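Some structures to go through are shown next.
In what comes next, subunit A is part of two complexes: it sits with subunit B in the first one and with subunit C in the second one.
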Partner chain A sequence: MKIIPLATMKFFRIKDQHMWTLFVLPGTLLLVLVLGFPAIQSILYSIYPEGGGPSYTLNNYSVLFRDSVFRQVFGNTVLFVTLSVASHVLLGLGVALVLNMEIFAKPLFRLIALLPWVVPDVVVGIIWRWMYDPVYGAFNDLLLRIGLIPAHVQWLSSPKLALLSVIFVNLWRGFPFVMLILLAGLQSIPRVLYEAAAIDGASRWQLFVRITLPGLKKMLVVALALDIVWEVRRFGLIQTMTQGGPGNITEVLSTYIYKQYFQFFRFEYASAVAVVMTAALLMVSLPYIWMISQEE
Partner chain B sequence: MVGSSKRQFLLNIQSYGFLILVSLYCIFPFIWMLSTSLKTEAEAFRMPPTWIPIKPTIHAYLYMLTKKNFGIYFLNSTIISLATAVLSTFFGALAGYGFSRFIFRGRKFLIGFFLATQMLPGVLLVGPYFKILSKFGLYDTRTGLIIAFLTICLPFSTWMMKGFIDRVPEALDQAALVDGCSRVGVFFRVILPISAPGMVATIIFAFLLAWGDLLWVLCLTSTESMITVTLGIARTVGEFRIIWPMLMSGALMGGMPAIILYLLLQRLLVQGLTAGAVKE
Partner chain C sequence: MKRYRLSFFVVLGLSVFFTISTFVYAQEKVTLRFSDWHLTEAPWDKTLADAMPLFEQRHPNIKVDLEPVSYKDKEPKYTVEIAAGKGPDIFHLHAFSLPMFFDKGYAKDLTPFIEKEGGAKFLEAWYPLCIDMMKHKGKVHAMPGDYMSMVLIYNTELFKEAGLDPKKPPKTWDEFLEYNIKLTKPPERWGVAVLGAKDPGFELRFSPFLWSFGGDYLTPDNKKSALNTPDAKEAFKYFIELYTKHKVMPPGVPTMNAQDVRTQVAHRKTAMEIGSGWSAPIINAINPELKAFDVLAAAPLPMKKKRVTTIWLSSWVMNPNTKHPKEAWELLKFITSKEMELNWFVKNRVTSSRKDVSEKAPEILNDKFASVIASQLPYGKVVPQIPQWPEIMDAFTTAVQEAFTEMKTPEKALADAHERINGILARKK
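After this line comes the complex of A and B, so read on.
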């Protein structure tokens, strides 16, 4: 069988150094089409007056910044992301450090610790909604049996507890990934560094601060950047657990925008919120994008 | 020396204690899900809750599969996720090869573009998608969802495939080129066969990305015959009276493919999701 190579046919004779277009362009064009185009569309909606264009206004943005609900939702998101990411890093680092030691049944522990991260958000949301059920749920039952709480607690419907309860679930859901990245980082630190420092009489704390942390620096940056982006976008978890309630206590930007679009049909306003959210996300992740694209 | 081994022993006890606590935290909700899914409705609403079902029954599973269209949701999820995964991995492999082998003007910019698109939140796009798909009669269709899921999967697949292709020595390309093979031939006859395991892994990851999504399905489909497993589960929560054993069996079935596939791919997980920032 003889296949005529594309590039040797007269029509398609392209210098090899230009062949990249053939490979990179299809994906790029597809991405522009399915992603770039709607993104621009969204920016356009955000400057249409409510009810539709084609005139332009910045009114949606001024409405948004004066809207107390938006401010509350923005605050919720910041709190949700900050506490989630901080707790992911703390628990993830702790587990990674222990798993990096000579431990019996290490693969088993690693596997178990990965479980919460692999199931879809929706599944996580409903498992915990049922866990948290004030009367029939396992969470209250467990805490009552241990004696940590004196009576049934309304984890998801109490205004004081709801957001923290959701964040606690998100800790469960998200720490395995940070653990995995940091574990990969720990394993890449040469053992000899520790041995040499130990011979010089360094304490465990010194080993941690002088060798472990600097060795983990890059992995920490990667883990932080990705985790922040993912937690800002988190949707299914909250949608299935509380749908933003009670009131707006657990409402974050993604659920808020969804509601504005598909329950109140305020397309222009919703787009403006989405644009603000995206700008914030890109600002946070730009250093990371810069770092990676310079390295490649 | 005795003192130090005693300290080591205590440290071990602490470490295992910590690991066992974390493991319980991780696994307890799953056990609760499994236990509830095997209960009767009456037992699920007992006070105090029973941790192990008194009379285990698979009634809830049968109910979900026969009465709740769960089979259809499964089929939809599989078709949509698989089509998205194959498409995005094919285009991702092409782009990945281009980024891996060629130095050209604007390369860094394009790499940055692919990375940035991975950061965009879905909620920025669902509004326009809803309008555009409705206009073209693609609202509430599998095709519409496949197009939408490309936005999530294509940047990801490109990164992952680039990582795999980077590991194939460029000398192989050169050898094939010298032998008179074209660039396109090199890609299809040398690169793809060698990185086939990587492609399979990328397809599975992309599959799972699409499988786990709720936002897009919620915004772009509505009828029972079009929705996916995740939306099927989410809708059941929204019903007036939640029958927890049914819901838990549905959740377990919906989560199972993800659990199995992710655990198979454990080793590639870090590299795949950090977009080349981490190389193992």
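After this line comes the complex of A and C, so read on.
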């Protein structure tokens, strides 16, 4: 029997200029399967009435925008993300600048600075929950010993302090990521620029404003965009520390969705919240995607 | 040489035989996935791990894989797995999660298995209330497990230190407040710790306050909130003021979970808690130096208008996706058998939903904790068994936290919860 190679058959013959489709196809199919399917499924769920299809309705969205708790949760998320990202960038930039200088045991300090980022969210949450404990907590004990507070403080039970206390932990936990990106950016700025400016008599502040910041601009945008996306999705830390309490003071979109879906079994409503959250995230990340595509 | 060749073939033959027989045996052996939050808690973890080899010994064709899950994560984990067509064959839930699982079809109907065991006669061994709570549309969809009432757990030594008679625990909520004031000496000690976190254990501890004052969460038909009654308002205010006005609870109560409370008791930071059969063993595991079994005592909960307490009932559920229903039923029968229910009590001090254990076993009748717990079962009440319950309880604990932290007055927080709960109940399912 004569074996005919598939490629010689007319049906299977592909022109050279179309060969790329073959190479792109597996990856595209995988993406559609992994990303597209759940996304479409979520959108479909969000327009089912509570209790399931088959009819379609926008009632979940209408309920969502009228719900005072959702509005509070949305506001909490904006505050949490804004303060977290701003503090990550400030501290990350500061530490990156220090670690970019010629200092003693630089690799060791870089390693130490990265450590909080390596620890999983849940572990960080549990450790800090104990550290904040008003009776046994090491944090109160330390601050009392150095005289910064006059009495034990209820960090996670106080409506004024709960969200800030979680953000403080998130600062500690998340700044190394921004620092890492900015450190890479700092190392890519040619040293000759600093040397030339120094010869011209530029001060340290002028060097920072005129050379360092413009040199870091792209890296800053990347770090900001990625950090915003990550912080909107932050779940384990808040869930283990406060579960959204006291009241709804520390409830953010991710914990709210989890609660609606897994604790209340409101699949359709939770999907509507998830769709709104994704839309908000897309609005934030689109400029980043646009910037990357412009570069290409 | 000839002998060596013979030995070689004998060894080869035996190897082939054992390989094939092991393969065939492995093919026939059924593996069941068994998941329970108790597997993350001492001393339950060891008790369960010790019991399973006994089951495997009696059923050589069944192997049981133990899958620990945290108390709080069990519902999300099982929901996702069952929705995906997977999940453990047998899993453990508290009874108040059952309506949600029944509603979604996440519990297998056990009627055919029960019929084979003798039907109604087989079920006679359990308390009728417990069996009723396992039913969905008239059919049994789960088997009852631990059955306990909530009681007052207190430290007799701290009572003596405060000049209180440990043999005379508080009988009314007014007396309870007086005792608390005498026991509280901050920052060393507080009277009582009650969890204030959004945790399923909250309602077990709070409900006796509400019910005893004559209030309730919902109207009898479960269609409206009943939190606007004077009794409910009085109970809520009394509970909140223990923390905000009288300061007899330790700081941090709004975020405390059950384990935090037990830690406070274990380290003599608080003198009382509302607990049950599991309290002494867990407190003992946290701090063996306390000698919890000697130092702690149990008493009926104080009362106001009527004596009432919350019922704790756990349940064993068979996954509708199980590929081995016969074997899973055997495991269910084993863990709810008279022998094992007594074993759970002896090792973990939890009383049983089986009458032939809780009402007859001398080990239970003579135990200083179990005897009190069993005596309170007739005063037991269960929270409403409706699918919206977790959401209602979340709205309620939000109000408790808002009042604890003085974000709102108790009256305003309760009124807001009342409105929200009515909104939840009015929503079409």
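In the analysis below, the second predicted complex is superposed on the first by the 269 of 296 C-alpha atoms of A that agree within 3 Å, B and C clash if a C-alpha of one lies under 4 Å from a C-alpha of the other, contacts with A are read in each partner's own complex, and residues count from 1 in each chain.
Assume a residue touches a chain if its C-beta (ideal position, glycine included) is under 8 Å from a C-beta of that chain, and two chains touch if they have at least 3 such contacts.
Everything quoted here is computed from the prediction, not taken from an experiment.
When both complexes are overlaid on subunit A, subunit B and subunit C end up clashing with each other. Contact with subunit C, but none with subunit B, is seen for A:Leu156 once the two complexes are overlaid on the shared chain.
Once the two complexes are overlaid on the shared chain, A:Tyr194 sits clear of subunit B and of subunit C alike. With both structures placed on the common chain, the touch criterion links A:Phe262 to subunit B and to subunit C.
By the touch criterion stated above, A:Leu111 is placed in contact with subunit B alone, subunit C being left untouched.
Of the two partner chains placed by the overlay, only subunit C lies in contact with A:Asn248; subunit B stays clear of it. By the document's definition of touching, of the two partners only subunit B reaches A:Met277; subunit C does not.
Applying the stated contact rule after C-alpha superposition, one finds that A:Pro120 touches subunit B and leaves subunit C untouched. When the two complexes are superposed, the chain touching more residues of subunit A, out of subunit B and subunit C, is B.
Of the two partner chains, subunit B is the only one that A:Leu91 touches; subunit C does not reach it.
In the superposition on chain A, A:Pro38 makes contact with subunit B only, while subunit C stays out of contact range. The intersection of subunit A residues touching subunit B with those touching subunit C, taken from the two complexes, comprises 129, 135, 258, 262.
Contacts from subunit A toward subunit B in the complex involve residues 3, 5-8, 16-24, 26-28, 30-31, 34-39, 41-42, 45, 91, 94-95, 98-99, 101, 103-104, 109-123, 125-131, 135-138, 141-142, 144, 172, 176-177, 180-181, 184-185, 218-219, 222, 226, 229, 232-233, 235-236, 239-240, 253-254, 257-258, 261-262, 267, 270-271, 274-275, 277-278, 281-282, 285, 288-294, 296. Those residues of subunit B lying in contact with subunit A across their complex are 15-16, 18-19, 22-23, 25-30, 32-33, 36, 44-49, 51, 91-92, 94-95, 97-99, 101-102, 104, 107-117, 119-132, 147-148, 150-151, 154-155, 158, 177, 180-185, 187, 211-215, 218-219, 230, 233-234, 237, 244, 247-248, 251-252, 254-255, 258-259, 262-263, 266, 269-270, 273-278, 280. The residues of subunit C lying in touch with subunit A in their complex are 75-76, 79-80, 100, 103-104, 187, 197-199, 250-255, 264, 269, 387-388, 390-391, 394, 397-398, 401-402, 404-407, 427-429. By the touch rule above, subunit A contacts subunit C in their complex via residues 49-51, 63, 129, 133-135, 152, 154, 156-159, 242-249, 258-259, 262-266.
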